[in-house]
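Same chain, two partners: chain A is paired with chain B first, then with chain C.
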Partner chain A sequence: MTRRSSVFAALLLAAGVVAIPEAARAHAALIEAETVQAIRLHAQYDTGEPMVEAQVIIYAADSPTRVWGLGLTDAAGVYTFVPDDTEGRWTIQVRQAGHGATAHVELAQDAVPVLTASAGAAGQGWPQRALMVALVAWGALGTALFVLRNRKRDNASA
Partner chain B sequence: MHRLFLLATLLGGVSGGAHADRLTLFASGEDLATQGFAAPRLTRDGWALEFTRILATFDQVTAWQTDPPFMADGPDITGRPVSFGGPFTADLVDADDTDLVELATVDAPKGHYNALSWALVPATGGDAEGFSLMFEGVARRDGEEVEFTLMTTDGVMHACGEFVGDTRKGFVAEGKPGAVEITLHLDHLFGRADRDSGGGMNMEALGFDAFATGGAHEFALGRLHIGHVGEGHCHDAPL
Partner chain C sequence: MHLPDGIVPVEMALAGYGLSAGLAALALSRIRTLPDPQAEVPRAAMLTTVFFAASLVAVPVPPASVHLMLAGLMGVMLGWFAVPAILVGLFLQAALFGHGGVTTLGLNGLILGVPALVAMGLWRLAGGRWPDLAALGAGAGAVVVALALFFGIVLAGLPTELDGAAERAALAVFVLAHLPLAMAEGVIVLVTLRVLRRVEPRLLPGV
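== the complex of A and B ==
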């Protein structure tokens, strides 16, 4: 079973396109909903304070020096992403205010991901314990994939 | 000059020349070393600092390939080591345009060097003899100008995880030499006026008021944890 094998692929609005006026059909919008396996990371300081709007950099297992994805944590220090089917060690770095933390997630077919992340070292001061990255979720995530199809129109100014 | 050497190293590596499978060690005090503390990035107590020299001495420097990756959560690193040796005394003000000072290059097996151990140790000779870290410069605040020399004899052992920065580092491949970096965070020592005054860094930092009489002062590194790998963390322990 692949990580995307649970896709139920409901095509929600395709039929609705038929009913909309001709002018609107020029940019048809389709929404496909599916369930995917996602990784959710929680970045926080050792005080428990979340790392809000921290930069997240993702490197896929097959290209460890090329950025696969970029993002920002939310107000709770959480960032969720859906990896592709590349197996091996993915690396996620979280950076804020001159300090960064690294976490690794091992992805393999039909296996629960294995996380390697720093939770800080006992007896160390604030800088070493400042950042913690935890894998807090691996599982099904319902998503809606918006597909915009720009159809050619005779009247480009309309 | 450092840039030219690095460029030559990279070109040599790309062409499959003698520099293939090499690993270069750099040290950096970041732009706070080369540009000083200037507004708005003053010390936590409002001083502007201009450094003429920052002499730091490193020893027992070893890059490691670790699997699983070492996460800087203890003093011991297990993996495949490549030793740079030492000691190396670097002036972190005399750096290249990217604030790096090149220390050494060694042959290294291919792989990802995702951990680095190193010691900050007192220099055994030269202008900084007896001191592991020495700052020379001028401090200014409200029209007052103070020349200073700040020194510490403290030795600190560091066990660091992967470099964290704008790009990943430490990868050595066929024809592609790699780099590892020792980074000193000077704001942990002096604090930052543009950061939260109640934050961990500013609560722990020495600031500059204690040295405002000018001249030579000694300080203790204590638990300031200035040693890093880029933005990545290290486990540290006094020697």
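== the complex of A and C ==
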């Protein structure tokens, strides 16, 4: 074998080795583990039903208009993600069929994430709701009676 | 069928406020031309309460919940008064129950105000000759029109980053879940008018 053909054969062998998939070249696997801080969301409708496969859209604290991440909730309405080191107020929105809610999570170095605000359906009990309906009904009844009294007075004076 | 805060872009929410204000101005100008506008105020006040409280009646139908809208009933019973009544009711629902957003109040006013006017038009067009059919059509038709507006607004305001096909599929299920509600609201308008005709005909809306 000439020197030129030996070099050619060596190059061909090297190219073949490089082209072999990583899994075929490796002999063992290694796992490195680290603990990270994750945010887990539980999304549900005001009826208590989980928002299954709802779309999740995440905005990092440093750029509230640029989408940082996207995802889907699972069958229990849960979505988990690991934010990067950006400190400040992260915004996460979960939405499905025109319904949705937005949550803000405050992230700080060496501190537990704090949910600062969650906009969505208000979690009120039935007594509170009944009281509100009664107050609005009372207001409407008062308006109706006020107008009717004025009309009667106008008719009487006429 | 209330759009919450943050679902549509700010520009759309502002446009909704503008269009809703225009609709309210049109309604008020038509109310001013009535022979006795004050005569309708007690009925409008009471029906505003009914509309406000109706949003609490929710039936869970995946992917969301279905609740009464009563836009058709408001349109048939109140005519042009339905628009300001619905806007007041929506504001109270958003402020007290968290149903619908404050920033989306204008859009929600359109989603329910326009169907109410459609129901009013249908009732005035056909209520004299076929009262039962017109009542059914007004109640059911208002729900269908509201669904179409809701569907269109949500898709128009969908961020480009999100999966449009997934949202359309979820909206299709949502619309299907509301079709029984359309029939129910048609029956509500029909029964209400029949009861009023028998018990208190003076409260019946004009045709």
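One rule holds for everything that comes next: the second predicted complex is superposed on the first by the 87 of 158 C-alpha atoms of A that agree within 3 Å, B and C clash if a C-alpha of one lies under 4 Å from a C-alpha of the other, contacts with A are read in each partner's own complex, and residues count from 1 in each chain.
Going forward, a contact is a pair of C-beta atoms (placed from the backbone, for glycine too) under 8 Å apart; a residue touches a chain by one contact, two chains touch by 3 or more.
Everything numeric here is computed off the predicted structure, so don't read it as measured data.
Of the two partner chains, chain C is the only one that A:49 touches; chain B does not reach it. In the superposition on chain A, A:116 contacts chain B only, with no contact to chain C. In the superposed pair of complexes, A:104 makes contact with chain B only, with no contact to chain C. Shared-chain residue A:59: touches chain B; no touch with chain C. Residue contacts after overlaying the shared chain place A:95 against chain B and chain C alike.
Put chain B and chain C next to each other and count what each touches on chain A; the higher total goes to C. In the superposition on chain A, A:70 contacts chain C only, with no contact to chain B.
Across the two superposed structures, the residue set of chain A contacted by chain B and also by chain C is 93, 95, 97-102, 119-121, 124. Contact residues of chain B toward chain A in the complex are 68-69, 71-74, 112, 161-162, 164-165, 167-168, 171, 185, 187-188, 195, 200-201, 203-204, 223-225, 228, 230-236.
Those residues of chain A lying in contact with chain B across their complex are 59, 64-65, 91, 93, 95, 97-102, 104, 116-121, 124-128, 130-131. Those residues of chain A lying in contact with chain C across their complex are 45-49, 51-55, 57, 67, 70, 93, 95-102, 119-122, 124, 129, 132-133, 136-137, 139-141, 143-145, 147-148, 150-151. Interface of chain C with chain A (complex): residues 1, 3-7, 38-39, 41-43, 45-46, 48-49, 52-53, 56, 58, 60, 62-65, 92, 96-99, 101, 150-151, 153-154, 159, 161-163, 166-167, 170-171, 173-174.
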